Every structure is written in structure tokens, then in C-alpha cells.
Amino acid sequence: MSILVGRETRLVVQGITGREGTFHAAQMQEYGTRIVAGVTPGKGGQSALDGTVPVFDTVRQAVTEAGANTSVIYVPAAGAPDAILEAVAAGIATVFCITEHIPALDMLRVMPMVQAAGARLIGPNCPGATSPGQAKVGIIPGSIHLEGRIGLVSRSGTLTYEVVQALTDAGMGQSTCVGIGGDPIVGSTFIDILGLFRDDPDTEALVLMGEIGGDAEEQAAAWKREHMPETPMVAFIAGRTAPPGRRMGHAGAIISGSSGSAQDKIDALEVAEIRVAESPTEIPRLLQEAGVRRA
Amino acid sequence: MKIQEADAKSLLVAQGLPVPPWAVARTASDARAAAERLFSAGADQVVIKAQVLVGGRGKAGGVKLAGDPAAAEEVAAAILGMDIKGIIVRKVLVAPAADIRHEYYLSAVLDRAARRVLYMGSAEGGVEIEQVAEERPEAMTYLHAHPHLGLQDFQARELCFALGLGSHLKDFVRIAQGLHATMIANDADLVEINPLAVVRETGPDGGPVERLQALDAKITLDDSALHRHPGLEELRDLDEEDPVDIEARAEGLSFIRLEGDIGCMVNGAGLAMTTMDLVKRAGGQPANFLDIGGGARSDKVAAAMRLILADRSVRAILVNIFGGIARGDEVARGLVEAREQQERSVPMVVRIVGTNAELAAEILSGIDGIETATSLDDAVQRAVAASRAQVAGT
Amino acid sequence: MSILVGRETRLVVQGITGREGTFHAAQMQEYGTRIVAGVTPGKGGQSALDGTVPVFDTVRQAVTEAGANTSVIYVPAAGAPDAILEAVAAGIATVFCITEHIPALDMLRVMPMVQAAGARLIGPNCPGATSPGQAKVGIIPGSIHLEGRIGLVSRSGTLTYEVVQALTDAGMGQSTCVGIGGDPIVGSTFIDILGLFRDDPDTEALVLMGEIGGDAEEQAAAWKREHMPETPMVAFIAGRTAPPGRRMGHAGAIISGSSGSAQDKIDALEVAEIRVAESPTEIPRLLQEAGVRRA
Amino acid sequence: MKIQEADAKSLLVAQGLPVPPWAVARTASDARAAAERLFSAGADQVVIKAQVLVGGRGKAGGVKLAGDPAAAEEVAAAILGMDIKGIIVRKVLVAPAADIRHEYYLSAVLDRAARRVLYMGSAEGGVEIEQVAEERPEAMTYLHAHPHLGLQDFQARELCFALGLGSHLKDFVRIAQGLHATMIANDADLVEINPLAVVRETGPDGGPVERLQALDAKITLDDSALHRHPGLEELRDLDEEDPVDIEARAEGLSFIRLEGDIGCMVNGAGLAMTTMDLVKRAGGQPANFLDIGGGARSDKVAAAMRLILADRSVRAILVNIFGGIARGDEVARGLVEAREQQERSVPMVVRIVGTNAELAAEILSGIDGIETATSLDDAVQRAVAASRAQVAGT
């Protein structure tokens, strides 16, 4: 098993005829992800990926005619909120929004609709998720993964790859790796993803990659302590040396006021008996010390 | 993006909020002229306030009263040129000093965890609100606006009564709704009025009347939404920006200059912060934060390199790229190009992994002054060593 | 027992210091309704009804400080939608909105909030409800009622009184009489109220007072047939002789297109084996013929 | 409130919808002048359309084409003064005749049962849509707008593709959103474009281009919201209103004149309709629908009586008041006052029950020409009898 993506994933790629959509659709298909449809309004009737994938005008058609159950969005920021709304209105259960630079107020308006539809949104501004050996959705390089039993959740993009690579290099495979995105307003939080891992019998240990800003890591630490006390878990917090109040690349990474600092997060994690690595490369060793074996 | 008090006030006025008149002056004599106009319009005193985008200007001496035009000029002369937390004061705001009866706090801010706009109010305004929130939490009132309906009338009333402003009900409701309108109209992350003051003024019949006035305003805008508000980009205060920041933004790079001597170029904010953390842990000092973003082309890499080298204190450069959307060979080519145009010779440690990393290694092999590394820890160690060697060699 | 209002009702009157609010609050109190609070923003701290009822600035205060669980709204149309939102946000379970002339689009915006709060709205533009001998909320004259076991639901105002009077004159008492209002957008439909009557052990027979326009009566007939086939029921439809397409006093009474006519409604009711009276005064007799006895 | 086609088009244009130019003429010569302007602007033909607020004007001969100004004048002269379903045509709309390739139907309407705005679209426009909906339901597409977010972009696209208008995607989305904007901006109950047509026009390069155009428009406004749109009240077409309707509205009464001879005065719309039903059932003919509303004061009652008596065919009056908010004594006093000012003597049957009914009975007792009744059935019987007696006595 795995979470969010897997063998049962029937993916529709929204924005499949765009530059990003075309490139990553090919990568995902090559990895083994079952792409059943693409959507580009006005290009319905065409096909993509060398004729293997039908293109529809609407997500609703992709659901009713191709049986899509999962969507990934490569639509530019101006159209991405509507693309999310379209996906959940069409009954898509899991939506990954890769698009970055979506205004926060747009996401505020979108979220109640996602929740009302009972759907799950990952992102925006996220790298997606991979269940090694089964499917990858998003932009995480497929080559760095190894099948296994470690669940990984991260707020960052390339930092995620770094850790996945370190785990794979150490012979520690992953059940699913999820990037939730670093924007101020994201569809799924650490806790949402940890909840899924808790219910996944194939996930035996956890890695959480946080960064400065907000209090999502503190919340996750408290939740983990209460709901999954037995599961080995290692964390990492990026931004220990970041100066307070200065913007670090994206809106998610501001230290605001007294909270959101790396030290507050590290303290909260340690209180919850979660080991915190000082470098991504330390993570495999800390997992081993917590009793996790190599694949 | 933060904007100056005067610009924030303009955005509030555009939504119909009550703000006393003000003028912005860049010289002491302009400040005097502005003060003269306010005195002849009936002001008893004026307040001169440094326009800087950092907090604590009051404590730093950047806010002063003046009782006549000559005093206004003198005070303005003292404030202009002042250094407040590293920012040189280039402008002052001149406004009539209000006859304040009581100061309140009111703000609307993006609440990430709740995914709502959060309203915060307090009858203890005019001070640092973080302190009130921490020391006397019962003095704060919080409520969330609806993501589609905004702040509803009854919520504005609840807030009004909680703050004990019942005698100003209509005006308060209009002001609170105006905060939401300001947020929506400008895609703001934060709209703050502190103080929102009850001031005594002379009424139409000559007798005293009490009114609500927004005496100070702070607004931060959502960078991701600036493109749909063309007028707002003009409010960016270039006076307070490092020219390097301006160039970085033009190139679409995310760049922050720091104190150290090891220039860093990384793709992704989280990885960039991690790289800096590791540099510090290894005993080095990062000279900057630099995220070249996803899918960085070679010309963007070259621009990033120029930004790093423009900092004369940089003694070594660490490039850390995990290829995903970004392709390693593109980055490598950009580095080689940049190297060729480079005037000063700074040792460079390059780690490129992921997509097309092998091609990148080929491109970089044998180029003078470029060391390659495969592990992140190793790359960091080498960069720190290279910067030390430079210091030793100076 | 009864539905919607009864001995357990703890009423807050929104707009209690206005002309209508003052008058009807006194009438309700005189009937025996327990009025625990009034609300007029800016008049918190005063009292109403000769000092027997405290006035608050907000409904939230009326709930937390006076334990209100039901609200009735006499606020003018411009403020009434907000008054409804305030009531449901404060946790009021049952809200009666008497106010007429609320724009329909305002009600469209209000309804999702009522539903999200899990509250029940009766009206707007409705006369309220009375459970004889227990409590009355709204503007129905108290004197016309008689305690008993007939449940009445109506789209009209004074027509409701007419029937209640006819029932009382015939010695047929009522469990609860509810006016749902005749506006295009109302908070509760015939079916909602019939559902409450179904679960009320003290209601043995039903009277439904409909009028031309819309298809609420047809819907109610079909629902009754399926869910309460054994309960005796008599109906009346106002507007048999109204000319098509002309507006009859309020927006609820337009015959639009092919449906909404009195005959369509009468046919639908008769198909559901519901007797339809030709005059309000016939209703007691038809009830008796359906096996309902006098009180 | 229904508004004329020309006014509906103005409201659509205000929201940016594409509508061909038009002019409204009250005389044949004005119509000719308007046609001349359109011909010189390049029109090949013009269409002259009767401006009446009833449907079926096309079938009634109220819509005609004209190939030159003289023909336009002739056609306009024929249409002006025409009687369409009882309405005399007082104005015509003159517009260029479009080169129509295909006609679609698009509307937004208040859906009571769903408590949403319902969008209806069909590729079979230009005809009576009720017929399409009944005979070929598969030719209709329906969707609900969100009560807070309105018609979302993806919904507009879904509608567009369902109608086979994919080649006009951007324009269609803008038009569909414009319907919602029109609804919100004016508090409309219905905004209908029929036909929304693909028309062939001459493009900027001289070649033919196909564009979407709203060729006809129907809008009805929510009477309850008119007060917050002061400009819209002016769109009420007094030409088509009975002067009595205008007076009734001024007095805050709901009044509809009918064919019969028994004037009815009732409080409450449902009870008023019931009273009329019972009059007919008893063999009489109601002369009007009249709801005096809740809490009717005596002056309102007197005004209602004036309205009833202004109809010369009224031979008897039935007053049926169930006091609740309305107080019986107030109504009775109003009746007595009206009776005193009354020029012609019409028998009146009065039934007042509920609040203060006893006081009312006292006030009315012994007044000449007023019979009182307590039961509704009895009152109706007497009124019918009184009207018959009058006919017999004439």
C-alpha cells in the first residue's frame, strides 16, 4: 500500500498541452503512473503523449469518459484556482496543484469548496507525491526513489529530493514521499498527511521536513505524540540561521514575531520525542538509531 | 511587500476610512511648508514621523511633535538622515497632532492555520500589540471573516462592543468593513491600524465632538498578487532597497544579502536555507540567501553569479543544485559563461545532482577555479575551506 | 409535544425595541412564550417589556448570558439577512424571520450559512408558529388557537389565521401551526415541516395551505404519500381563479409557464390521496370525513 | 418588475456584453431617422420590434424587417398603435438586422427550490424555450451558480462546450459571467438572452468574421430590491401600466384590476386570492385583487376604497379583514371615512374578524349601505347577492 498515489491512481493532467504539463506528463508516464486523460479547454478531441492520452475540454469529461480519480495541475497561477475548483466539482478525490505564485486570497476562497466536495488538495506550490514502484504525481525526479516503508512529508521542494536521495543512498526505501508546499495557504497540512500515514500498514517510520515560519511543525509534533507515539520519526528544520523577519524565497518562510523560529520548532519536536537532524544526510543514521532497518 | 505608512493611509482612504490629512516631505524645508499648511488649517501641533519599513521608529526617536513651523523644520532635519535599524530615513510624514482620548488596535491578517482572514482588536492600542497579546491575552478580541462573505456586519458589531466602542457603532462597523475591503482590493496579507483613536475635534457647532480616526497604518501586500494590481508595484520603496535586491527581482531571483563571505546559489528556498545552515554549522558565514527557482536557465544562473560577485566580501562560492525541473547541464553552462565574464577570481565549489548531473560534470570538468563535489556535506566543507584559504592568502 | 416552538423555547427577540418588535414581544409574552432576551445593537444594558426582559447588543450575548435557543426577527429588510446570520452564528437552533421584502439574492447568500450552522430558518416574510397552550412565536393572533392534535403548515399569513379559526370553531385543536412564508426563497419548505410533524407523536392529522406558483405543493404531496401515507391530511390551494402570469401580492404567487397553476397542484394532491378543500371553512368537515375527531 | 428589451440591453451593455446598436422610436418618422443612421453605418436591413412587456410579439406581427428608410417608416407606422395581447404598442426598437449563422439560448434565473441561480442554455435558441425544454429536454443544459462565488469560470466553460460553442470560448465565458454580473448588479430574478447568436460580420481586414451577439434580452427585477437601485425604478414602463396600478403602488397597495363587478379588499395575498376564488365559486366575478398588507392604517384603507370605486363596473364591495397586525377598528374607521367621501353609492359587505373585531363592529353598526358578516362564506354570498341586485336594479 501507500498513501495518496499508487497503482489505483487514474490521473488527469490539467494543462497537459502547456510546456510544464507536457514535460512532466511524459516523466510521470515513464515512471509508470497511469495517466488516463489530459485537460486543456478548447483542445478537446486532441491527444497527448504520442497519442496515448486523450485530451478533453473539461475535467468532468475526463472523469466520466476516462475514469480519472486524481488530478495534477500545471495551469498558470491566474487559472489555477479555477482549475482546482473544476477538479473537485467534477468529483476528483485527490488534487495536486504544482502551480506556484497563486495569491493567498484566491486560496482562501478555494478551500471551502475543496472541503465541501470532500476532496483532498495537496499544494499549491508543491512538488507532488511519489509512491516508489507504483506512481509519481508532480515533479519529483523519479530516479531518486527506492521502494520501502518510510513515509516522508515535507514543506519544501528540492530539499525533499535531497532527503529522498539520502534515504535511497542509505538503502532506506520509501512508502510515499509527499511535498505539501510552502505557501501560506495549503490544502493539506503535515497533520493531514501524518493521519494518512498512520492508517497505512506499509509505512513503518516517518520523516518530516519542516522550515521556519508558521507553527505547522509544532502542531505536527503535538499530534504525532498523541496519535502515533510508537512510530519512529525523524525531523529536520530548514532555516536555523535565517535572520528573523526577512523573506526567504517564499511566503511560507517568514519568522513572524515570537513564534515560527527554527529553535521553537526543534524544541517542540524534541518535547514530542522526535529526533531532529542537523543535516539532511544525518537522517538515515537517526532513523537507524530509532530502530529502522535498511530495506 | 511592505509599503510605507503614507501609502498605507492612501489605500485606507480609497476604501473610505477616516484618516487625518498628511504630507510627505523629503527635506526639512518641505516639512516646514507642510507644517505651515496644517497650522493655518487649524492644527495646534504637528507630528513628524520617519518613514521607514522597520518597526520601533518611535523608540528610536523617529517620531516627534512640533508646536510651530520652525520647530517642525528643526525636528524634520533631525529625523531625516537618522539611521533606524540600518535604514537611513529619507522621508518624513507630517500630520496634525490629534487630541487623542483613547487608542485602540485593529487589524486584519491572513491566518494560515485557519485559512481565513483573522481580525484582531484591542482596547489597548497604540503600543506593541505582540506584547499585549502575550501579557494580557484577555485584552485581545479575535474573529475570523468568512472566506466568501468577508467580515459580516454582525461580526463587526461584535468586535465593536467587545472593544467598548458602542458609542461609535456605525463608524466602527464602516472602518472594520473597510479593512476587509482594503485587503481584497489590494490582495494584502495584513492591514493594521494602530492606533485607531477616538480623537476630540471641533464639531460643526463649535463644540467638541469625538470621532474615530486611523492615526497610523501598516499594510503588507501579497507578492504573488502584485501582478494584478499594476498601481501597487509603484508603492515599492526603492529608497530602502539594496540595489542588488532590485536587480535580483528584475531577474526573477530571490536574493537576500547577509554579512558573511561565502556566496550561495541554490535552487529552492528550503534547500537554500538548509545550505546556509550547513555552512554555518561547518564554521563558515553565508554571504547571501539566493534561490534561483525551478527550471533555471543558463542566463538566470549568470545573473545570479553577477549578484553574488557584486558583494566584494564574497571569498568563495557554493553552488548547490538538485536537478528536478532545473536541468544540471543548463546550470553548468550558465556557470561556465559567468566564469568567463568574471572580473575577479573567486574559488567556486559546485555540487549538481539529479537531472542531467553527468552532463553537468562533463561541462565543468577541468575548468579552472571550479571544484566539483557530489555530497552536500562535502561541498559545504570545501566551500568553507576555500573561503578560509582566501582569508589566509589575503 | 409539538414542533419548532413549545415549553422549552427560550426566545430572543431581534429588534425588540422597534415598533413591531415591541408590540409582538408583548403579545408573545402574554400568550405565555418564554422571552429571555431582546437584541438591539447599541441598546445593550436596557430592558424591555416593563423590565422583564434584558436587552443585549448582540445575539451571542443573548445566548451566553440568557440561554436563548430560538430567535424571532423583526428587523427591517435592509438588516434582516445579517440578523439571520448573526443568530445562526451565535448558535441559535431555530430562527423565525418575520421581515418581508428581503431581496431574493440576499436570501441566496444567507441560506448556505444557515445550513452550515445546522440551524433551521422559518421565513422570511412568514407569520411564525404557534403551539397552542405552550408558546407562540411571530405574529399569529394567539386568541384563535385551540390545543389539539392537528398540525398545520401554510405559505400564507392571514389565510392561515382563517383556517386556524375554522378549526378552532369546529372544536378541532392544533398541535402546532406554522407559516413558512410566501417568498421565492424561504428557509424551510413544506416538506421540512411535514418531516417534523411526522416525528411528533402529538400530531395526528395535517392541514396544508398552499397557493399558486412554484411547485412546493406538488413536492409536498409526493413526499407525504411516500413518508406519511397513513396520516390524514387535507389541503387547500389559494388562487384557483387568479389570471396566469399576473403578480398576486407577493413574489411567491406567480403562475410561471406550464406549472404552478392551482389545478396542477390540486391534481398532484389528489393523486397523493390528499383531500383538497374548495373553501377554508370546508377543511374541518373534510378532516372529520378522514377520521379525525373533535378535541 | 419587467423592463423593456431596450432597457434590458442597456443593463447588459453596462456589464460589458456584446449587443448590436439600437434606437427606440415613438413615431414612424423617428423610426425612419434611426433606420437612416443604421443604413449609413453599413446596415443592409433593419429590424423594427414592438416594445411591449408581453411575450409572443413576433407571432402577433410586432417584429418586421425593412430594407430601406422608407420601408422602415412604413413598418414602424404599422406596428405603432398595434394591440398585442391588450397592450397598445407605443414604442419600437430599431436595430441593424444581423447576419445570423446560429441562434442559442442563455439565461440565468432564480431557482426557488434549489435556492440558487440556475443557468439554462441551449443550442436551439431563437424559439420559445419552454417548448424546447418540454419536447427535447436533451437539448437543454442546466447548472447552478454558487450562492457566494457566482458562476465559476469552469462552469461557464462547461456550459460553452455543452452548447458546442468551443470556438467562441473566451467570448462565451465573458458573456455567461456577464449574465451573473447583471443579475447581481440589478437584483434581477431573470436575465435572458434569446437569441444569443453567432453572427457574421465584416472583420478588420474586410473578410467575414463570426461573433457572438445578444440580439434580444429579457430582464425581470426583484421588486423587493428596487429601493437599493434608485436608477432602476425609472425603467418602469408607465406606458403599459394602468393609472390605477401606479396609484396603488404609490399607496403601498398590491392591486390588480380584473374583469368582474365585485370589488375586493383583503389583507394578505393568500387570503385575497382565496376570497376571489370563493366569489367565483359563489357565481360572482371579482373586479380586482387587492391586498392592503399587514398593519393597514385607516388612510390606506380609504385609498384602497378610492381605487376600487374608480372602476365604474364595480357594483358591490366585499371587505374581508382578518386582524392580526392589522387592527379591525382602524380598518373600520377607514371604511367609514371613505364612505363619507364617496360619490357613488355601492353596497358594501364587511367582514372583520380577529384583533379588535368587536370595536370594528361597533363603528360599522347602523351605517347606511354597509352590511356586516362574520363568516367568510356568508360574506361572499351576500356580496354576490348585492352585485346581482344592482344588476337587476339597473
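As written, the chain order gives the labels A, B, C and D, with residue 1 at the start of each chain.
In this section, a residue touches a chain if its C-beta (ideal position, glycine included) is under 8 Å from a C-beta of that chain, and two chains touch if they have at least 3 such contacts.
These numbers come from a predicted model, not from an experiment.
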item	value
Of B-C and A-B, pair with higher C-beta contact tally	A-B
Farthest chain (mean CA position) relative to subunit A	D
Centroid distance [mean C-alpha coordinates] between subunit B and subunit A, Å	29
Averaged-CA centre spacing for the pair subunit C and subunit A, given as whole angstrom	50
Subunit A and subunit D, separation of their C-alpha mean positions in angstrom	55
Junction residues of subunit C - those touching two or more other chains	109
Residue list for subunit D, restricted to those that touch at least two other chains	148-149
Topology of the chain contact graph, where touching chains are joined (line, ring, star, complete, other)	other
Set of all touching chain pairs, with the criterion as stated earlier	A-B, A-D, B-C, B-D, C-D
Touching residues (chain side subunit A, partner subunit D) in the complex	41-42, 44, 57-60, 79, 82-83, 85-86, 89, 109, 113
For the subunit D and subunit C complex, residues of the former touching the latter	110, 112-113, 115-117, 130, 134, 147-148, 183-184, 187, 189, 222-225, 228, 254, 256, 258, 266-274, 276-281, 286, 289, 291, 294, 322-325, 353-355, 375-377
Residue ranges of subunit D touching subunit A (in the complex, touch as defined)	146, 149, 152-155, 157-158, 161, 166, 169
Touching residues on subunit A, where the partner in the complex is subunit B	20, 77-78, 100-109, 111-112, 127, 139-141, 143-144, 154-162, 165, 182, 184-185, 209, 211-212, 214-216, 219, 236, 238-243, 246-253, 257-258, 278-281
Subunit D contact footprint on subunit B (complex, rising order)	148-149
